[in-house]
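Labels run A, B, C, D, E and F following the written order; every chain starts at residue 1.
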Amino acid sequence: MIYIQRREKFCAAHKLWNEKWDAETNVKIFGKCSNPNYHGHNFDLLVTVKGEIDPETGFVMNLFELKKILKANIIDKIDHKNLNLDVDFMAGKLTSSENLAVAIWDILAPIIKSKNAILHCVRLAETDNNIIEYYG
Amino acid sequence: MIYIQRREKFCAAHKLWNEKWDAETNVKIFGKCSNPNYHGHNFDLLVTVKGEIDPETGFVMNLFELKKILKANIIDKIDHKNLNLDVDFMAGKLTSSENLAVAIWDILAPIIKSKNAILHCVRLAETDNNIIEYYG
Amino acid sequence: MIYIQRREKFCAAHKLWNEKWDAETNVKIFGKCSNPNYHGHNFDLLVTVKGEIDPETGFVMNLFELKKILKANIIDKIDHKNLNLDVDFMAGKLTSSENLAVAIWDILAPIIKSKNAILHCVRLAETDNNIIEYYG
Amino acid sequence: MIYIQRREKFCAAHKLWNEKWDAETNVKIFGKCSNPNYHGHNFDLLVTVKGEIDPETGFVMNLFELKKILKANIIDKIDHKNLNLDVDFMAGKLTSSENLAVAIWDILAPIIKSKNAILHCVRLAETDNNIIEYYG
Amino acid sequence: MIYIQRREKFCAAHKLWNEKWDAETNVKIFGKCSNPNYHGHNFDLLVTVKGEIDPETGFVMNLFELKKILKANIIDKIDHKNLNLDVDFMAGKLTSSENLAVAIWDILAPIIKSKNAILHCVRLAETDNNIIEYYG
Amino acid sequence: MIYIQRREKFCAAHKLWNEKWDAETNVKIFGKCSNPNYHGHNFDLLVTVKGEIDPETGFVMNLFELKKILKANIIDKIDHKNLNLDVDFMAGKLTSSENLAVAIWDILAPIIKSKNAILHCVRLAETDNNIIEYYG
């Protein structure tokens, strides 16, 4: 069993806002992340897939194929978008990095499985200092 | 003459949109940066100040003081904000990194001068790959 | 279960020196790290906490709160300090990164537990090339 | 049990090419990595070793010793080399990062064991975006 | 006048070898960079262009256009190539980073000029530690 | 004329302290950098040399030779040292990065000149956020 990782970056706007709370509570809990007009990040996404090495290719899975899967299913839907307004798979959800990482996992896990490999980790960094890891 | 540099980071949303153009032209010129609901970045700001070394302190200018100047005059106004909607000194301007770098220069130059040093460069990176430098 | 990580940096002096050995043995074992007048590093601390996502906030634990815990209990005590002379929780210990990582774990684990989350890993990098990870 | 990591970098040429396939198939599977005249990378190798802290030294294993082991057994054999032509332990193998990581593991595991520690992970990055991890 | 920078990366093989010298002299002067079977790097190219800001776009030059120019004229010709064997504009030249930076300048300067901007600097890093800058 | 840069890193302890002032003034001016027992940094030194390309080698100056000059004259004297106590060329000086950059320049300029090249810049970063550049 070996692990391969592919990094992709995307630039998106979002805000943390719970519709069930009043503005004061949102500011108290989410601080500057609750700015009504949004803020944004260069998000850094690192996806880990595990499997056995195919002796014909020396690969678990072709990283070019993994790159294409990430582009078509994740990056094209969130890059240069507003996570609160533009992204179907985040509709109705708080756009915390935790929730985004879980949503990305839920999309990728069956696709990776159909390629005879196993999704192991979705790591999402909002900044160099704030990072989420989800293992399913 | 010696040069000192202070780096600060801020997270902001923006979009590139020229109000004088129709939507089609905006998309044609600005591509995915024209997304109506905004996108965002972790901007990286590097400010260079030059002057002579004070023999009493070994400093051109105390970097803690420079940090405070940047925080009060720039970072507190743009961090976790929307550059198109929330920032007084960008009102009515295209929020390209070029225009933002010039606006930051115009605010900082007189303040640095009042501290007996000279603003030399404002460097602003939207991503690791897209960077602006302005020398006045 | 999801994992969140917060990175903090601190600048400290230290030396590796075993009081039970003579100078020659210290130099032989610890090399240039045994310099009697100390050397120093920009240490990079990455703390991982795990727990379940609170549906109200989208958070395992508010990263601002984790940042405050790290500042009050760790960073304020070691930043711009001498690890051999100034830090109560390293008193009488060899100031290797291994021992420092364990000491940080011992301080943080009960605090994180009191917030209904679980400390998962303390990662401490002296340089980009020399890194310690401790999982309790 | 604590984990220590040592990073080393090396610059090498390689190409992905399966001798059992014709040129067309190699290009189809390996894309630009199949360029017959080779391409190259600044590879980034991060080796993780685990063990207990020796109370006399504060170390699991002296990182200077680990550095020497890596230099003599790995880096001196692959730095500024052609992985397909110059490296005895890759002879007859596809020079994918997966296969290289496994080969490095097979060399290091018994050496680390002879030092009373345990090899935990070999992490090899071809670029910032393409990374392999092998845990034996 | 404002400066814009675009970063591109490419992975290439090369060797330093002067055909007029015997092998011994090549090894003496170029050290491990003279390995006959090549080595390689992840090169980091940073191109600086200067000009005035167009008030309609807020740009000196559209960075997407600069990216396309770099891709078509430089990156597509050197990425995943052997600089000694595969690159027409390096034919017959020593493939030092100095010579490569000058060759890139000579290709880009007239193209940038035709876009009403001025090429200011070609910066080429072989590794984080070895960097070349050329200003024409 | 072309510019070459060599990066070296060193780990050192220091404190900012003006012997002519009382403790209170030192703390007021230098803040946490005045800690009597020192603190430390991973300093990042980037030296720029300019000259013409030698057509025989493709080099301004062999970077291996520049590396050796830096090691023998600078790095071996300051790495894993205390800048206030252990470094002859900083004796009696405030150990600000400004003063250290100037001292490094004064040592390197004549050596580089004797190699038929010209020292252009000494850049010294205490942290990623605080950087000094000196051009003589």
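Everything that follows uses one rule, which is that a contact is a pair of C-beta atoms (placed from the backbone, for glycine too) under 8 Å apart; a residue touches a chain by one contact, two chains touch by 3 or more.
Bear in mind the structure is a predicted one, so any value in this text is a computation, not a measurement.
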Copy-to-copy rotation for chain B and chain D - C-alpha atoms, rounded to a multiple of 5°: 180
Label of the chain whose CA centroid is most distant from the centroid of chain C: E
Classification of the chain C:chain D interface as same or different, half of numbers criterion: different
Inter-chain centre distance, chain C versus chain F - centres from mean C-alpha coordinates, in Å: 28
Euclidean distance of C-alpha centroids - chain C vs chain E, Å: 42
Chain D and chain F: spacing of chain centres that average the CA atoms, whole Å: 34
Of all residues in chain D, the ones touching two or more other chains: none
Full enumeration of touching chain pairs: A-B, A-C, A-D, B-E, B-F, C-D, C-F, D-E, E-F
Residue ranges of chain F in contact with chain B within the complex: 16, 18, 20, 29-31, 93-96, 98-99, 101-102, 128-135
Residues of chain B defined as touching chain F within the complex: 1-8, 46, 48, 53, 56-60, 62-64
Of all residues in chain B, those that touch chain A in their complex: 9, 11-14, 32-33, 35, 37-42, 79-82, 85-86, 126-127
